[in-house]
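The following pair of complexes shares a single chain, subunit A, combined with subunit B in the former and subunit C in the latter.
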Partner chain A sequence: MSQDRAVWGCRGLGVRYGGAVALEDVTLEVPAGSVAAVVGGDGAGKTTLLRALAGAVRPAAGVVLRPDERRVGYVSAGPGVWADLTVDENLSFAGRAYGLPADALERRVTALLERTGLAAARDRLAGRLSGGMRQKLALAMAVLHEPDLLILDEPTTGVDPVSRAELWRLLASAAAGGAAVVVGTTYLDEAERAATVLVLDRGRALLAGTPDEVLAATPGVVVEGPAKPEGVASWPRGARWRAWSPDGPAPPGTSPVAPDLEDAVIVAQLRQALRRAA
Partner chain B sequence: MSAGGSPLASAQGATKRFGDLLAVEQVDLTVAPGEVVGLIGANGAGKTTLIRMLLGLLLPTAGRIRLFGEPPSRRTRARLGYVPQSLGLYEDLTVAENLAFSAAAFGSPAAGLEGELAEQRDALVRDLPLGLRRRAAFAIALSHHPDLLVLDEPTSGVDPLQRARLWETIRAAATDGAGVLVTTHHLSEAEHCDRLVVLANGRVAAAGTLAEVVGDTTAAEIRTPSWEAAFTALDAAGLPVSLVGRTLRVPGADPDAVRRVLADAGVPAQVATVAASFEETFVVLAAA
Partner chain C sequence: MWAMAMKEFRQMFRDHRTLALMIVQPVVLLVVFGYAASFDVDHVDAVVLGPRAEQVAAALPEQLEVVRVAPDQGREDGVDALRDSEAVVAVVTAEGGQPQVLVDGANLFAARSVVTALRGRPELPEPEVLFNPELKTSTIMVPGLMGVVLVFVGTIATALGVVRERQSGTLEQLAVMPFRARDVLAGKLLPYLLVAAVDLVVIVIVGMLVFDVPFAGSPLVFALGALLFLFVTVGVGVLISTVSETQGQAIQLALLIMLPQILLSGLIFPLDAMPAGVAWIGYLLPLTYFIELARGVMVKGTPLDALLLPLGMLAVLGTVVFGLSIARFRRDLAPAGRRHRRRPATDADQDQAAPIRTGAK
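Let's turn to the complex of A and B:
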């Protein structure tokens, strides 16, 4: 990676809603031409972070590093398209909002309709598209002006694997074209595709780094066995059980396994809960 | 694990036609006591139609559906616990009221609440975070000790620890002898299932354990100093390329075809054949 690439994101970001802390001391760096995943469950602070990166939420602390707002593309969670407009109308409307000249807009619309497989549906009302097609339309609208920073909030929720693969291909193609891409998701198998991962829990960074760094930083040993082991924190994986042994040897009847991101986050959440209890 | 004995639910050659549309075609599926079966399919693959037939909400056009050895009916409904993706809770009632209401409907005693859910028993469901709403829906579905649980994307939207706790509940129900049918299209849920049935275009495209379903499906894995150029070339060639970190993968692709595209584009790369992931296998199956 070259040294002169722009880096977008935030440093020490804090956001409050009324008195409540929504985000506390969150740092995320997304170099141009890469994909970062922001992972967390309901209420972890994903949407707040993505909205702050898009400039829609004012930080109470820290700084947001983002390009001029006309160089940002943002896809919110939920529909993100105008249901009563056709596919074509949605794209033209978004294109004019970005101030694209008519000929450039037409070129981009044609290319993106082709790219997203929406060409045959261009005259359909967006409200009548399937979930996957609607998300592809929302993404096409967000990349019309070839933004430097592309932000997507749970673009694949409720989307089936075939459309999910297509959506990831589209956002990887934005990154290949030089955009910094930030994707919010609740799924860790999806986060494994990103160059860097930021896991949020209750508004704070729980884990951050490349997927390999996050795995390498998992303390202690993750073990697996056929039954729920006694005396250690455990969680099921299919019909078998995994457990975390912070410092001791593997509990009887278990053997160490290489943790995946799902295990790494569970371990981090368990440690957090222990610290809160202490 | 798959237990012996007669299945709790079965579909044999189940077929459903809506006008010209063949939504489900010749589908076989069984759920035995003690096992967790995953029904996997893209949107429009026929999952919902099949579930509706199993629940007795739709009659099959052809084939046979059995619940507890008989055609689905009100009587079989009483032995079934169902959690839809929308959870099916009354949002303006409290957790305890939802539980009492369901218990009255099934004529069963209201189940006890545990942990955080017990602390929130008097909270309106709509005010609860998603993880607790899911746990409330599970508690209600399990309160009449159903023999068969049908769960639609049971852990969607929650964090890994909450997901693990929900799966602990599901697995405990199976260990106690219930059969569980989970519909999902996420790997993180599929890997908790003892067996998978993959639907594509209304038909069973694959069935078996996760390892059996993936079988010998492969992906071409591409390592290159310039993933951007490689990605652009493979994408332009119409290959279903995906980015994983800085590595590229093309499920189901012939590695020589990948090498040719990259050589023509002048992109240096090493191409290897690796086992496909479940998600990649799914995409290959759905495209077949």
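Let's turn to the complex of A and C:
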């Protein structure tokens, strides 16, 4: 690692597609050795933010702070691997693209194939891998050159729970190795594992901080009950219902619960909607 | 059934490009084909040489359009005029006896019409057909077909190869890798250029061995022409790829560009037989110049200095098309505008709205 204490990310970032505002005044700071999760619904701006961090989108405002492009690893929302190349060939291509010497490439490929469990599939075409294996290959390609900044756009979407856990183990180990890791995800349980969370809504930062800070900042009371409560904003959680009471008492038939990140995000969105309506 | 048909109609009308192609392409083909589809050459350029040139030129049949009269030149100059494509017919006169009539057999349809027209005219002898004495179609078709094969490999394969990256989402991956746009493009195109070059060599060998096509000229001049032509076809392929989202769209566009080339380049129908209103399109097409060059070098042994026009046109077309395609490809690949910089890996990037600054963090 060349910059152990570096902080990557963006400040006041704005991105426009034509006349449409995709991101506005978004700040994200990710210290080396930590994982930041970018969460938000469809169209919130996660992919645009990650693409801007990776250098694939030109910002209209603000500053992007990232290492030299040879020190960035990126897994796009697409497949991110060449389907008609084998696992070995994909890794070899990525290694050569990032200028790894042959012996270092060989060493890294062997190590990563073992860690990702892809060693037995090294001669298989990437297009014939399962979704989870393909994502592991994409991640292996992105960390092959031990980047300072690792950017992943929904790496676990459509992946089974075991592979999801393995993918998170891999990216946690990349962070432990000193990389600043930024992960876009729609899974809030995953975001809870990150050191910092940035919640985007319609291209703006809705919440930001550590998971604990985000939870602590949740206003009012989150309650839970067996049926949909009347007169308050509510959302289903399993077979039960949760509701947000901004400043009043808990609705009849409900009892307060400690909010988790999912509740915090929903509450923040409700609050934002109330503000907009006002 | 109706539900299926309605769905299909909706999809068809939503895909404006395909719909336009379905309607425009047949109309274009009909008009172009209707005008271009003619083997009848009404007028053939001729040079008349030798001491009685003035006298003989005045008495030639109307079909021969005299472009030059040179009383002080002889048979060798006549052969050169045909080799350099100055004329299709050279009439070489002598002080006494009948003149010689030399015909460029590489200009197949014009040559055939001349041979037919002069037959039965007692004042002129049986024409002597040069370069392609038996007036074989394969002799002139094979060099032309080489051009078509190069268009196929250069344009369609290249367009598909580049669009495949876009369609599969890996172009985005390439965009953030530490490649310069020109490296991506050059690396992407090199295999196609090599395959096309191998294709070309194979076709030349098969043409010579199986169809007895001669190779009278310089392989180096031929290689130069082929390289320039590939430059254009590959550029067209990249250009198509930059305006196509899917491989299907790329194929449609490539066919739309290829068909007029095949019809209007002189490959099948002679350009001389087309009305000027259509023929001018042919003179804008790269295949026209490659065919002229390939037939000239292979069949007639035309030297470099007589091929400067087709070589120059291919160079101009290549520069324009390739320049455009690189500009569009670069825009696709490097939206953050950071492809031109090469710095030590310890430096940091700061992408700012404007201007983009670079500096260590």
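Simple rule for what comes next: the second predicted complex is superposed on the first by the 274 of 278 C-alpha atoms of A that agree within 3 Å, B and C clash if a C-alpha of one lies under 4 Å from a C-alpha of the other, contacts with A are read in each partner's own complex, and residues count from 1 in each chain.
Methods note: a residue touches a chain if its C-beta (ideal position, glycine included) is under 8 Å from a C-beta of that chain, and two chains touch if they have at least 3 such contacts.
This one's a predicted model, so the numbers in the text were calculated from it and none came from an experiment.
When both complexes are overlaid on subunit A, subunit B and subunit C end up sitting side by side without clashing.
Counting the residues of subunit A touched by each of subunit B and subunit C gives the higher count for B. Of the two partner chains placed by the overlay, neither subunit B nor subunit C lies in contact with A:Leu150.
Contact with subunit C, but none with subunit B, is seen for A:Arg70 once the two complexes are overlaid on the shared chain.
With both structures placed on the common chain, the touch criterion links A:Ala205 to neither subunit B nor subunit C. In the superposed model, the angle subtended at the C-alpha centre of subunit A by the C-alpha centres of subunit B and subunit C comes to 100 degrees, rounded to the nearest 10. Using the contact criterion defined above for the overlaid structures, shared-chain residue A:Gly78 touches subunit C, although it does not reach subunit B. Closest C-alpha contact of subunit B with subunit C, superposed model: 5 Å. According to the touch criterion, subunit A has no shared surface contacted by subunit B in one complex and subunit C in the other. On subunit A, the positions that touch subunit B within their shared complex are 33, 35, 40-44, 130-132, 157-165, 168-169, 172-173, 175-178, 186-189, 192-195, 201, 210-211, 235-239, 262, 265-266, 269-270, 273.
Across the complex, subunit A is touched by residues 168-170, 172-173, 175-179, 335-338, 343-353, 361 of subunit C. Within the complex formed with subunit A, the residues of subunit B that make contact are 1, 36, 41-45, 129-131, 156-165, 167-168, 171, 185-188, 191-194, 210, 227-228, 231-232, 235, 240-246, 277, 279, 282-283, 286-287. Contacts from subunit A toward subunit C in the complex involve residues 2-3, 6, 14, 51-52, 54-72, 74, 76-83, 94, 97-99.
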